[in-house]
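Please go over the structures that come below.
Heads up, the next two complexes both have subunit A, just with different partners, subunit B and then subunit C.
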Partner chain A sequence: MEDEQSFSDICGGRLALQRRYYSPSCREFCISCPRLSLRSLTAVTCTVWLAAYGLFTLCENSIILSAAIFITLLGLLGYLHFVKIDQETLLIIDSLGIQMTSSYASGKESTTFIEMGKVKDVIINEGIYMQKVIYYLCILLKDPVEPHGISQVVPVFQSAKPRLDCLIEVYRSCQEVLAHQKATSASP
Partner chain B sequence: MVLKAFFPTCCASADSGLLVGRWVPEQTSAVVLAVVHFPFIPIQVKELLARVQQASQVGVAVLGTWCHRRQDAEESLGHFLEGLGAIFSHEPWLQLCRERGSKFWSCKATRRQAPTCPGAPGEDQVMLVFYDQRKVLLSQLHPPVALPDHQAGDAVAGAGGLAAVFDTVARSEELFRSDRFDEGPVRLSHWQSEGVEASILAELAKRASGPICLLLGGLLSLVSAASACRVFQLWPLSFIWSKLSTCEQLRHRLEQLTFVFSTQKAENPTQLMRKANVLVSVFLDVALGLALLSWLHGKDRIGHLAEALVPVADHVAEELQHLLQWLMGAPAGLKMNRALDQVLGRFFLYHLHLWISYIHLMSPFIERILWHVGLSACLGLTVALSILSDIIALLTFHIYCFYVYGARLYCLKICGLSSLWRLFRGKKWNVLRQRVDSCSYDLDQLFIGTLLFTILLFLLPTTALYYLVFTLLRLLVVAVQGLIHVLVDLVNSLPLYSLGLRLCRPYRLAAGVKFRVLEHEADRPLRLLMQINPLPFSHVTRTYRLPSRGRHPTHSWGSLCRKLFFGELIYPWRQKGDKRD
Partner chain C sequence: MPQDRVTTAERAATRGVDAHPPERDGDTTRGHPHGPQAPTPRRTVATQRSREWTHRLSKATGKMVENSPSPLPERAIYGFVLFLSSQFGFILYLVWAFIPETWLNSLGLTYWPQKYWAIALPVYLLITIVIGYVLLFGINMMSTSPLNSIHTITDNYAKNQQRKNYQEEAIPALRDIPISEVNQMFFLAAKEHHTQN
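Up next is the complex of A and B:
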């Protein structure tokens, strides 16, 4: 079952949340961030080239121009491959674990999988980010030594940063799956 | 609870038969390792499983049936398969079925025993997880999860659920040893059933490694015995050996090679990787060294280098002379104390003159020495770089001497000043109590003390300037040597084999797993594909980094500045445990 809704992130940009319900024990949430805008790309390229041209008129060395082109290309490729995240996905499978995937604009995907045995709970937490106080969804991991302690807090959707309404939707679904898992694991 | 069935992708197109694998009760997951095809005799299947269990310490059992309906209306096969549940009893009994031409499977897991909790169904829901058997067999999880040793059966704790799957597949190599060309009683289907994988080169290397290791190990022990003999422990030689970085590098390489060619087998995969990394690093080093050697000896570059060396040393000495003349005059407009200035300046100039004469004395032999030293580049690029660093140290020895003289003078001056400053204020350093106490001095003590204090204070700028100039020069030389050492450390400690493995066979070094949900239909069991998530390059470097020579500077920036201010000598390459004066 697939479902798509539109939300906004903390800066006001548009986000799209796609939900897929494969079964009562397996759900997937996919948040797509806004794409790289042509306007900002043109602005950055023009600034860099104008600066290079200014230096060229001072130094009369044409290597500066080719270096500027090289730097712009490399910078764009590096930005697309290492910085710009297009989509963030959260896959929660009852009895296996929780998987978080970030897909970059160049197609690279980086995945983290946390086993269900290590997950204590999924919560919405408040935190200070720059000059704002924002809500973010995070996964609490169990401490192997202390049974009621928390060893790590893993934030989810770090680059998309959706607002509270989107987080509530995801939170409710995750809690349903976790409750289902606790109920079935309680009965032998 | 949802039952997870880990199914190998190679068996997805196999004929109908029995599922053989391991049941992990803590995670309610069944790891299917192979499929036994018809016809078979149950006794022989049980014998094979007992043999595998004894050899691999993995609790292999018949988990259920696998039905691949190639033709329509094979109902009789279905009933026959159900009857097998009576012969091989397993709790729960898994029944996987695949229709011809359909992507979706039907799975059933039945428990024969009555459930203890009322209301729980007799049938469990099944989730299928496909895995690539070959990749899971060959991969290594990082960080390695230490599963506790178990004597027999599966008494493994549920710590690290997926690590248990990896462990099961890795240990069951005995099961995968037969392929379909073997004339065994039981016909299995697994990742090697199309033909056992082997490589001629690998087998030859394994056979040859024994004698080669013995031979090279013997040679290396001879070399290390020769280097440890008593002659080299005598004072002048041992002092020189400890100062030269070339000897350090050679010793380090000798240790590494002894480790690689030792006749002990590697106990765990980490040691094996370490050996492979050392071997590849040594090969690369020697290859680069030989390239450097061929470049140096072609077109008589050594001769040019030797010819250029003496003029360069002369030039450096001339520049130093100009610097000293400048200091003896009015440097940067500052007014120095004329007498002290002249004394220090003449002293250093004479020292420099001695040095230049020494260089000129050595100049006929330089080319011969360089030629022989250049030959040592065949031992490796790191050795050549260490020799370069040592040559720089030897050629700038006069700068080091000047630095030591300047630092000692300055240090004495500072000590005297601080002590006389305390006298000036009427205080004293109490050695017993390690603190400053007040003290009543006599008049003549105060008089002489204040006089000396004034003299030292007004002579301070001159000494401080000489100290500053020579310290800067010394720091420059140390920086150049440091750069060379960083390069040598890089070649020494980079794990090239692991990085190459991560590039070419990323599934061998696994940071974890990732799942992908395959096409799903309602009312059908959920199908997932489990893939290996490779370790990032930074983690590979961090985990498999070879130990470097241990020449890290032990000072922090703060303590370095403090030492420079008080005129204490800095030895950048000294380690904490070294005993030096």
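Up next is the complex of A and C:
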């Protein structure tokens, strides 16, 4: 069962949340960020080339122009491969664990898996980010030493940064899965 | 009744409030003992005793009356001394900066710092102030916990707090509620309200 809704991130950009409901114990949430816009790409390229042309008129050295073209191309490739995240996915399977996948614009995917034995809870936390206070979803990991302690906080959807309405949807679904997991693990 | 006025003054002083309104008795701690009007002998005694009480109590309780921003004679003296010394310092600085060395030497004053410092020190001070603004902003941003830090969830005081037993018909003790409970209260309970409505 699939469901798609549109939300917005903390800066006002459009996000799309896709929910896949595989079973009562397995759900997937996929947030897709807007693609690299042509407008921002042309703006950055024009500023870099204008700056290079300004330097060229000062120094009369044509290497600056070819260096600017080179830097723009390399910068764009590096940005697409290391920085620009197109989609972030959260897959929660109650008996197994939680998997977070980030897929970059160049096609690269990076995955993190946390097994269910380590997961204490999935919560929405408030934090200060730059000059704003934002809500973000995070996974709390259990402390092996202390039963009620928290050892680590793992934030999810870090590059998409959706707003509270989107987070509440994901939070409620995750809580249903975790409650289901506790119920099935409590009853032998 | 003079005794009543003394006891009310004492009670008011222990509560940290000025015992009598100022326009009646003038200065409450020191200074002139009599107000502007000529009170009756019984009232004079009462106001004097009440002032002694507040003075003694203010000393006993320590910080209650001395920290008020009201004008006092010592504060006037300090202010005037500061004013005179700052004006003197400024005139001296202007004399040092503007009057040529030869004139000062002819007066007999030969041991002065270099005039370079008359420009350099104010410039240093202004640049320090401007950098201070930038530095404070930067220090604030650096000491903000990142989003994946445990300090956004809990800290040592919350971990070591002791649970007090719940008593009927008493206000529950103040404690740090774990974030899971807070989340359930905010986000899961709201859904039930919505589904009910």
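Convention: the second predicted complex is superposed on the first by the 188 of 188 C-alpha atoms of A that agree within 3 Å, B and C clash if a C-alpha of one lies under 4 Å from a C-alpha of the other, contacts with A are read in each partner's own complex, and residues count from 1 in each chain.
Keep in mind that, in the parts below, a residue touches a chain if its C-beta (ideal position, glycine included) is under 8 Å from a C-beta of that chain, and two chains touch if they have at least 3 such contacts.
Being a predicted model, the structure only gives us computed values, none of them experimental.
Q: Mind checking subunit B and subunit C on superposed subunit A, clash or fit?
A: Aligned on subunit A, subunit B and subunit C fit with no clash.
Q: Name the contact category of A:Ser185: first (subunit B only), second (subunit C only), both, or neither.
A: first
Q: Is A:Leu91 touching anything from subunit B or subunit C once the two structures are fitted on A? First, second, both or neither.
A: In the superposition, A:Leu91 touches subunit B alone.
Q: Can A:Leu140 be said to touch subunit B (first), subunit C (second), both, or neither?
A: second
Q: From the overlay on chain A, compute the angle at subunit A's CA centre subtended by subunit B and subunit C, rounding to the nearest 10 degrees.
A: The C-alpha centres give an angle of about 90 degrees at subunit A.
Q: Which partner does A:Thr42 reach: the first (subunit B), the second (subunit C), both, or neither?
A: Once the two structures are laid over each other on A, A:Thr42 reaches no partner at all.
Q: Please give the least Cα distance, whole angstrom, that subunit B and subunit C reach in the superposed model.
A: Between subunit B and subunit C, the minimum C-alpha distance equals 17 Å.
Q: Mind listing the subunit C positions that touch subunit A in their complex?
A: My answer: residues 141, 144-145, 147-150, 152-154, 159, 178-180, 183-184, 187-188, 191.
Q: Please name which positions on subunit A make contact with subunit C in the complex.
A: Subunit A residues touching subunit C: 120-121, 123-130, 136, 138, 140, 148-155, 158, 168, 171-172, 175.
Q: Spell out the residues on subunit A that touch subunit B in their complex, using ranges where they run on.
A: Against subunit B, subunit A makes touches at 20, 22-23, 25-26, 28, 91, 93-96, 99, 101, 111-113, 115-117, 184-185, 187-188.
Q: Please give the residue numbers of subunit B that touch subunit A in the complex, ascending.
A: Residues of subunit B touching subunit A: 1-2, 4, 27-28, 115-117, 119-120, 125, 127, 129, 158, 160-162, 512-515, 517, 520, 526, 528, 533.
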